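Below: a set of structures, written as structure tokens.
Consider the two complexes below, in which subunit A is the common component and subunit B and subunit C are the respective partners.
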Partner chain A sequence: MSLRNPKLFLAIPAIALIFVFMILPITNMVDMSFRTPGQSDPFGDDYTTMHYDRIVGDAYYWGVLLRSLLTAGAVTLLCLLVSYPIAWHMSKAKGMKAVFLYACIASPLMTGVLVRNFGWMIAAALNGPLNEFLLGLGIIQQPLRLLFTQGLVILALVHVFVPFMVLPINNALRNISPTLIEASTSMGATRRQVFRDIILPLSFPGIYPGMILVYVLAVAAYVTPALLGGQMVSYMPTLIIGELTGTFQWPFGSALAIVLSVSTILVVGLFTALTARLMERSKA
Partner chain B sequence: MATVEVRDLRKRYQDFLALDGVSLKAESGQLVTLLGPSGCGKSTTLRCLAGFLEANGGDITVDGESILSTPANRRGFGVVFQNYALFPHMTVAENIGYGLKLQKLPKSEIETRVKDVMQLVRLGGLGDRLPREISGGQQQRVALARALVLKPKLLLLDEPLANLDARLRDEVRWLIRDLQQQSGITAFYVTHDQSEAMAMSDMVAVMKQGRVAQFATPREIYQKPVERYVADFTGEANFIACSSVMSVGEARYAVTAAGASLEVAGVPEITGSAELLLRPEALELTAPAAGTFQGTVTKSAFLGAALHCEIALADGSILKLTAEPNHQVETGEEVGIAIDHSHTWLMPEVAP
Partner chain C sequence: MSEATSAFSNQRAVNIGFGVLIVLLYVFLMAPLVMIVGASFTNGLLIEFPPQGLSLRWYVEFFDRQDLVDGLLLSLRIGAVTAIVTMTVAMMAAMAGQVISGRLSGWFQLGMTLPLLVPELLTAVGLLFFLYKIQLAKTVMGLQMGHILMSFPYAYVSIAAAMRQVPASLEEASASMGATGWQTFRLVILPLVMPGLAMGGIFAFINSFDLYTISLLLKPLGGNTLPLALFDFLTYEFKPTAAAAATLSILLSILGVALVQKLVGLQRAF
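Coming up: the complex of A and B.
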């Protein structure tokens, strides 16, 4: 490869962008996470592993990390359950109906993150429409405390991440030839068996990127847990921001961020390894 | 091993009548071809048989019992698709064994039966490959094996050779015919290729605009077509409009065609206008003024095994003719044409 290679030449802007806005900051953050705490500055001059020692040695941080990873996992699975039927219907739609459905699916992304979360705060308030609706139906007798619960955080995250799951799955479903369904049917498969043996595995090339996208976004979500999760429970992003901008412990905040990144990469890597065979077989 | 009867089958899409009363019958062990151009309803008929489409009227019976209310997955028919429809995420062996697995047969039995059928279609050793790792011809054989391994009552083939190149097409064609005859499975075969239809079938249904124009043996379809459409679709044909058609016996007529008076066999009970079918190979070049017709050679092409000529008759009609290859003809030459009378056939003029 030389600079005369046009492919490499065209890649230069992308490489420059990634270098300046990803490689440099991450290197800087890794470096920061090994700095000693500063007295008057946000960080000191010497290097230490004390921040990592502190995180590993303290069950509190393990708990927050676990909560973040599990919450993101729950968001991802719920998103998958909600999105698959939507993607299925979208994959069958044609013409204006398809355009309309695309617009509906993308709608959560068209609202700003603050506006959307304030909307949830109003909707989930003690005397808000959600409670009034449930009281009106007679399902509950007392208004439920919905706001500042983990459940609401999950619900709000599922809401905004559904498009990231629906679109790739819809794409994968559209790529499945209808004759495959007919073929399996003619071989004796029931609708359930057709779904289990043919449609589900062949839509995995859409499920996989959808799950990865949603998981990574959910682990890193900050605004929604901060606004809807309340002060009782912490997630890694809220903790990290607190260290960086609240107490100005840049090295410790960086160490937390690195721990979160590495954990996320491990989860994604494990998922990829476990599904590698299915992916290899089902990709077009 | 089943007798299959299709009776007055109808299928309508909004304002398009796809099937307008299709009737056919396949005796046990027969291979019946549905032949016609695209849009004639041949695939629709097959899909109704398979149960992928619901008919709007008529009936389909297998051994006398209607199957219309049986869903596709309980009909027990094998279907082979034009694009093979192999499951891309399953190996060759898994593809073939899928139907057996659904029947919850023991693993060892599945393995034996898959192995046997792979031997039968000459796929030995390819069991662990994915469909995308084998050739088109091999993929088609997997599709065939996958249908046969279930020992279907009826085999439905939808243009199975259309995606293969000419040499493979021949090979797979004979394989399909051999396997079908060995196993004695009744089969329906959809194609738009007349030579395929002629070579393989026990019976051919030539379809036209959602109807069966003619349902007969390949020989009858070719030699005794009921109308011009059928004759055209089954091979090269000359048609000469006849004046003064007179019945002179059962399905025999005295006609005047291009100035010549002839007595010919034809479709029974022709009343209106009629045209004479002359296949190119039923015509022979003779000396000028010797044959039944006289004309001028307008084109001639040497094709190795035969010489193809076009000859303009005095009344302006053109005759295509297949002559013996060593015949010397020049464009513009005056020739006579003799007719093999056993190969003439009179048909009523019907709207195309």
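Coming up: the complex of A and C.
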């Protein structure tokens, strides 16, 4: 590669777009989080650590942060449970069947989050299909109030993020060579052994990015809790948006956003460290 | 013998169980969309599934509602500009990406997809402050920039994938026969990457059409995109008009899926 290749200059608009409108503004948020509250403006001219002191010193914010982190964890694990069988089934499909299955994954993916959440509002009505389904299975005896519960928020978030998990796992599964499985079966491995010792480790390069992406996006998801969560429970994103648009406390809102980001990065780092050995195995 | 038969029937039971599970999971994926479409055709006054009778009255109602129609028009306009700008910028970036090699190439890919990997909320908050600083806060122009940024990775990924399929030898051959750089681009590269480019534009348009959080923070004075108008409508009125609006949005995404299948095939696109 030569740095003088004139084609490299073609990247300038894209780099400028991402640098000026994304990297700079997000870095600027750190500065904003140390500003004093403004009088007529949304922020003041001086610097202070008061916003962080306020968050750290108030159990309420710890509670909301914990709820956001745990909810996203639950969403990620449920997503994995839902996505793995779908990805497995998809990775075996060929021809028109494969096209149909891809369309079933792509259509929800290309429909807006708000619209899909709205679908769950219809499903969760007191005499709606979800209650009918649960009554029919005999799991519940009378219709439940499902709307504006944490359970529905989690269900709707799982629905939003399943395609993000299915696609990388499906790609990883498609990359496993069938001869490897044939070889181990011919050497007497049971189906369970083949799955545990070969398929699962080899699909980890798809599971890992899927889980990270879903977790990071789920922690910061705003629409779903805002629409389906009701007024009773708060999540970090609803608090942040409230500070920014409702009370115009930009510095405090920024501090909340940074606390959320740092916590997310810590969780992702911890997860990466814990699964480092699995990742090594998949490369061997 | 009997042991073998029971192992065989066990295997059958497992297969049937797995089949049922798969069907249930696909029902879970499609159910919300099916319910919206169903509810939009109701003849009753409530949003419900299954619908009460069949009618198109809520579609008529939708097109009578100035706030929702204005939202639809603004969303279409912003989506169209987003598609054109991201296709151009992503095409240029993908051509530059071709000549970057080795470790730097990975970083370049990562950088180009950054708006997809960082939560929309953070980008939106950062942009809100930035637009305030450059005096573009609460303008359509500012909202447009946000949509271009958020949709750029979708265009880039599709176009870069198409560019990788173009053999470098073609370009060399064209140059050796005396074509200028622009001629090579227009007559050789562009026709080959056209399906990927169109797909990138479709993805960018649909992504822009669906964005919510960034539009909420950057929304212009007196202007609502369709998702913003729909959220307000759901909060204050909750009538089947909302299902009609949402069905139009689902129709758009199904159209997008069909176009992508026709252009490059869903399997290669995802």
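Keep in mind that, in the parts below, the second predicted complex is superposed on the first by the 257 of 284 C-alpha atoms of A that agree within 3 Å, B and C clash if a C-alpha of one lies under 4 Å from a C-alpha of the other, contacts with A are read in each partner's own complex, and residues count from 1 in each chain.
Keep this in mind: a contact is a pair of C-beta atoms (placed from the backbone, for glycine too) under 8 Å apart; a residue touches a chain by one contact, two chains touch by 3 or more.
Every value quoted in this text rests on a predicted model; they were computed, and no experiment measured them.
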Which superposed partner A:182 touches (first subunit B, second subunit C, both, neither): first
Touched partner set for A:123, first subunit B, second subunit C, both or neither: second
Partner chain(s) touched by A:68 [first = subunit B, second = subunit C, both, neither]: neither
Which superposed partner A:193 touches (first subunit B, second subunit C, both, neither): first
Partner chain(s) touched by A:28 [first = subunit B, second = subunit C, both, neither]: second
If touched residues of subunit A are counted for subunit B and for subunit C, the larger one: C
Which of subunit B and subunit C A:203 touches, first, second, both or neither: neither
Subunit B versus subunit C as contact partner of A:282, first or second or both or neither: first
On subunit A, the residue positions that both subunit B and subunit C contact, one per complex: none
Subunit A to subunit C touching residues, read off their complex: 1, 5, 7-11, 13-15, 17-18, 21-29, 32, 42, 82, 85-86, 89, 98-99, 102-108, 110-123, 125, 128-129, 159, 162, 167, 213, 216-217, 219-223, 226-227, 237, 240-241, 244-245, 250, 253-254, 257, 261
Residue numbers on subunit B that touch subunit A, as the complex places them: 50-52, 72-79, 81, 83, 85-90, 98-99, 102-103, 130, 146-147, 150, 156
Touch list for subunit C against partner subunit A, complex: 18, 21-22, 25-26, 28-33, 35-36, 39, 47-49, 89-90, 92-93, 95-102, 104, 108, 111-112, 114-115, 117-123, 125-130, 132, 145-146, 148-149, 152, 156, 203, 206, 209-213, 216-217, 227, 230-231, 234, 242-243, 246, 249-250, 253-254, 256-257, 260-261, 265-267, 269-270
For the subunit A and subunit B complex, residues of the former touching the latter: 177, 179-180, 182-190, 193, 197-198, 201-202, 278, 281-282, 284
